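Two complexes come next, and they have one chain in common, chain A, joined by chain B in the first and chain C in the second.
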Partner chain A sequence: MFFRVIDKVRLPDLVRGLATEYEVIAPVEKDGRFVYAPLEDPGLLRLDYDTTLLPPKKWFFPAEETLMRFRVADNEVLNDEVAVAPRVLFGLHPCDINALLLMDNVFTGKYPDPYYMRRREKTLLIGVSCTPSDTCFCNVWDTNEVHWGFDVFLTDMGDRYFASCRTVKGAEIIDRFVENRAVIDEDTREFQSVVHDFKDAFHRDVDTTQLPVLLDAKFDSPIWDEFGEKCLSCGACSMVCPTCYCFDVHDRLDPDQKSGVRARTWDSCQFKEFAAVAHGQNFRDSRASRVKYRYYHKQWGYLSKFERVLCVGCGRCARACPAGINPVNVIAALQTGEVR
Partner chain B sequence: MAPRVAIIGLASDFGCQVQITNMEDHLLDVLGLMDLVYWQLASSGHLPDEYDVAVIEGAVTTAGHVETLRTVRETAGVVIAIGSCAVTGGIPALAGTGEYDARYGAVYGDGVAVARGRQSPLPVSSVIEVDYHVPGCPIDPAEFVSVLSRAIMGLKDDVSEDPMCAICKTQENVCFLDRGRACLGLVTRTGCTAKCVSLGRPCTGCRGISSEANIPAARVVYADKGLDPLELDRLFDLYNAAREVVV
Partner chain C sequence: MSTTQGVAARDIQANPYHPWPARITSITNLTDKEKLFELRLIDEDVREAFEFQSGQFVELSIFGVGEAPISISSAPSKQGFIELCVRDSGDVTGALHAKQCGDVVGLRGPYGRGFPFEEMKGHDVLLVAGGLGIAPLKSLINHIHDERHEFGKVTILYGSRNPAEVLFRYQFDMWKHRDDFDLILTVDQPDDTWDGETGLVTKLFDQIDVDPDNTYGAICGPPVMYKYVIDEMRKKDMDVDRIYVSFERRMKCGIGKCGHCGVGHQYTCVDGPVFNYWEAMNLQGAI
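What follows is the complex of A and B.
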């Protein structure tokens, strides 16, 4: 790793410099909340954002995308290319960078997904330190710290940023686009103190001791029925989740029925059709079973395969679920047997 | 042989039939797929005795409509209901929420000559079996074409039954409920990309109540958000007055 210090007042230079060669995607305000959007003007950048409505996954795995065009007459694939311009995702919080690493396990592992990979390869990630919001619980999974997976990480030190350059490309863009200086001992000392304070600021207390054992022990618990009664089966949780990767595939014909597109859309395990199969069978017919298996997958199934839970504590589901179902209160219900 | 298609209007403002004419870019492509034997809005001819696909717009508001639908069902191999009026009873069904005859009289007088055989408005599916649905007020022409294509090719109806919230989230809308405003998205059938919410209006439920809707849970959500839980039911009346959902 390679370190630099950037004066805060110089940050717009970095954004403007990047914009000459990359599409810059960054948090901007929308109706009082925040979204990752193409940054038209550096003045609109909001690094003080709490969280975004949708996580950065949409820039790699869009909510809807065309996988290919095909011709009906001979089933010929007409076009399955992904056109991707060089891009920078600017201002990611540690949880969201950690979430992309979890997505990578799925999309770049045993069965690499060319659509995701193309975008991932063409995109630089610049992280920025954050402050805890009411709904964050990243400290529970240690995802408030990030050690790799970014090109540059900017730690806010008041009047300056401590820039950790994790990749050669990251070091290059810092050197090329913004005035910076070498790190001196005083910077390193302050960096350590800032990071220490930052970690101390997160104190959401969720007992995750032996969570997989607890999940298995509570498999038949009535709490799942109670959550099932509350759940709207609306799928909002899956859409806003930075680690939910399930999708559906539809073939859609053009109006002339001579050609069509194969489209991929985000899916949710909370939809009744999610586990419906031929002959009208459905493995997850009840709401209660769908809520239950969401948690079994995230906190147990994925863990057993990749040694991490499939949650980074970003708190988006806690904000988005109309019924107030989220990992914090589900784990609490597992512990106490009571749904609050 | 191209399937013979008849487009029939019951009680509606013909807005959904107009939507079909609005798809200028694709209208000729679509017309090329079929032999359009009757289109109430666009022709002065009569409904022929034979056709393969019937597209029905509008709510059932008279005994004559009931009779028409029975004939349609006997004649057509495939019946497609388009628009809120046909799919849920839509806005016409509002008339049935109170004293129907008194309301009717207040507007049209007591003369028997007006709308002979009138009845409290109902969706098409309450009279005959419907094979395909294109919900919405008005319909989305692209969705209509997609459903018509499916019908012609013999593919099953794939109208999604999930509630609207998921697609609304993908549009990065700020939730109306979180702003203390009533919205029906959490119980309304998805499929419109949450157009109204994206344009700054809460969902009014024009696509119908999702068969997957958890109505009791939605009332709890309303209460948690500081809204009257019964507001949910009042809002349903606009497009879903003929609902069978039990309170």
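What follows is the complex of A and C.
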């Protein structure tokens, strides 16, 4: 990795420089909360944000997208191109970068997903260090650190940033767009101090010992009925989750009925019809079974394939849940057998 | 874990969601609700590259309506065409039923893990189907038929609700007279024409002999059936890892991404739909 130091006052230069060649998407304030949005003015950039309402996944896997245009008569695909202009996602926290790495596992593999991958290829990622908020529990999964998956990562050291350039492209944009200097020993010592303080700022902990075994061994635990009673099956947890990738596919005909589009939309395993088959059988008919499945898949199903849990501890689901279900409490309940 | 560089370096391959046009070359009415469709992929290269195993499925695509996962009923030994046995039970299957011979639909696949045909060779095979569960097993049955000398005793137990719902009856009626297949059909509700057995498929286990050290089992049927048929196979001392089951689950993509077909910690579409019973026992909520 290649390291540089950037004075904080110079940061707008980097944003302005990037904007000449890329669409810059960054955290901005909206109604007192934060969202990733195209950055119209470098002055609107809010690198002090806590967390965004929606995770960055929507820039790679939109809530609704067209997969292909088709013609009905001969069942032919007319167009399945994904047009993406070069973009920079600026200001991602470590949890959200780690979340994209988890998404990559799903959308690559034996059947690479061209829609996701095209956007991923066209998008530079610039990460920035953060301050833990009261719903963050990334420390539980070690996702408060990120080692790859970004082009540049900026660690805030008060009056300057410690810039870790992971890719050639990342090093190039730092050199081209902002005044910077080489790292000296004092910078590295400061970096160490800052990242230690950051790690020490996490206080939330939960026992994650042997979760896959517990999920199987306590499959019939009454805790799931209790969480099932609370859950409203609204699916908000999935929508705001940076690692939830499930989708539904549907066809929509044009008014002339001769052509149309096949589109996909975000879906949620919390919706009642999610596992229902044509003959009327629903494999997860009860709310309890659906809440359980969400945790079962994240902490065991995904793990069985990719050796990581499908959660980065961003806490968005805990904030979004109208019934107050917090994953930290669910995992604690699984350990203790008691819902608190 | 993959990296940004990794993604950038990889070429975008052919779109896996892109269905290939296939022409309906024959339609056979099997019952009031089920038809057998024979399909031929139109593009020659695609057709030649389409190799599958018994137990695998395709995504059948009718633009304007949608896609549905359908198991392949013909044997891999039948070249150039595939057969799908389809019940009219939803939007896509309903639209398929409305199609005529010569019409074009879309296919993606083949997907999933099929039955371990090569591993089964040299052994006896006990196939148990309930209702539409015969559809994927029919591929295996036909494949075994085409390489019959490779197998020991082959027993087929097939249960239906009533005589009118027996699928492939024309073929099975002929097979009754063959020595190389022990075929027993049963229905829950017999009528005057019925000369087969009556009652659930599990009842037929009294009539068969199984060599537990040398027999592979294959089961497909409605979800309620599995537990009872597996119990009967276990009573015959068959090994848990030689009993194979094929599951039906809701699917959208067929390629391990959309998440609908999750069963236990696995996905039916890429890890199944065929699992052995040991694997299935380790999938919470599967059976």
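Please note the rule applied: the second predicted complex is superposed on the first by the 340 of 340 C-alpha atoms of A that agree within 3 Å, B and C clash if a C-alpha of one lies under 4 Å from a C-alpha of the other, contacts with A are read in each partner's own complex, and residues count from 1 in each chain.
In this section, a contact is a pair of C-beta atoms (placed from the backbone, for glycine too) under 8 Å apart; a residue touches a chain by one contact, two chains touch by 3 or more.
Since this is a predicted model, take the numbers as computed values, not measurements.
K.L.:
Kindly say whether there is room for both chain B and chain C on chain A in the superposition, answering fit or clash.
P.N.:
fit
K.L.:
Go through the superposed model and pick first if A:L253 touches only chain B, second if only chain C, both, or neither.
P.N.:
Once the two structures are laid over each other on A, A:L253 reaches both partners.
K.L.:
Answer with first, second, both or neither: which of chain B and chain C does A:D205 touch in the superposed model?
P.N.:
neither
K.L.:
Would you sort A:C269 into first (chain B), second (chain C), both or neither based on which partner it touches?
P.N.:
A:C269 contacts chain C only, not chain B.
K.L.:
Is A:D104 in contact with chain B, with chain C, with both, or with neither (first, second, both, neither)?
P.N.:
The second partner, chain C, only.
K.L.:
Of chain B and chain C, which one touches more residues of chain A?
P.N.:
It is C that touches the greater number of chain A residues.
K.L.:
Which partner does A:D134 contact after superposing on A: first (chain B), second (chain C), both, neither?
P.N.:
Neither: A:D134 stays clear of chain B and chain C.
K.L.:
In the combined three-chain arrangement, what's the angle at chain A toward chain B and chain C (CA centres, steps of 10°)?
P.N.:
Angle at the centre of chain A: 70 degrees.
K.L.:
Quick one: is A:G32 in contact with chain B, with chain C, with both, or with neither? Answer first, second, both or neither.
P.N.:
Touch partner of A:G32: chain B, not chain C.
K.L.:
Contacts for A:E186 in the overlay, against chain B (first) and chain C (second): which applies, first, second, both or neither?
P.N.:
In the superposed model, A:E186 contacts neither chain B nor chain C.
K.L.:
In the superposition described above, what is the shortest C-alpha distance between chain B and chain C in Å? Please give a whole number.
P.N.:
6
K.L.:
Where on chain A do chain B and chain C both make contact?
P.N.:
Common to the two interfaces on chain A: residues 253, 257.
K.L.:
If you look only at chain A, which of its residues touch chain C in the complex?
P.N.:
67-68, 70-72, 74-77, 80, 101-102, 104-114, 117-118, 120-121, 125, 148-151, 166-167, 212, 215-216, 219, 245-251, 253, 257, 260, 262, 264, 267, 269, 274-279, 281, 283-284, 289, 293, 296-297, 300-301, 303-304, 306, 308
K.L.:
Which residues of chain C touch chain A in the complex?
P.N.:
Residue list for chain C touching chain A: 1-8, 10, 12-13, 15-19, 21, 61-68, 87, 89-90, 93, 104-106, 222-223, 248-250, 252-253, 255-267, 270, 282, 284-285.
K.L.:
In the complex, go through chain A and note every residue touching chain B.
P.N.:
30-33, 35, 53-54, 58, 63-64, 229-236, 238-240, 252-257, 266, 268, 271-273, 287, 319-320, 322-324
K.L.:
In the complex, go through chain B and note every residue touching chain A.
P.N.:
Those in contact with chain A are residues 23, 26, 29-30, 32-33, 145-146, 149, 153, 160-166, 168-170, 172-175, 177-178, 186-187, 212-214, 216-218, 220-221, 224-225.
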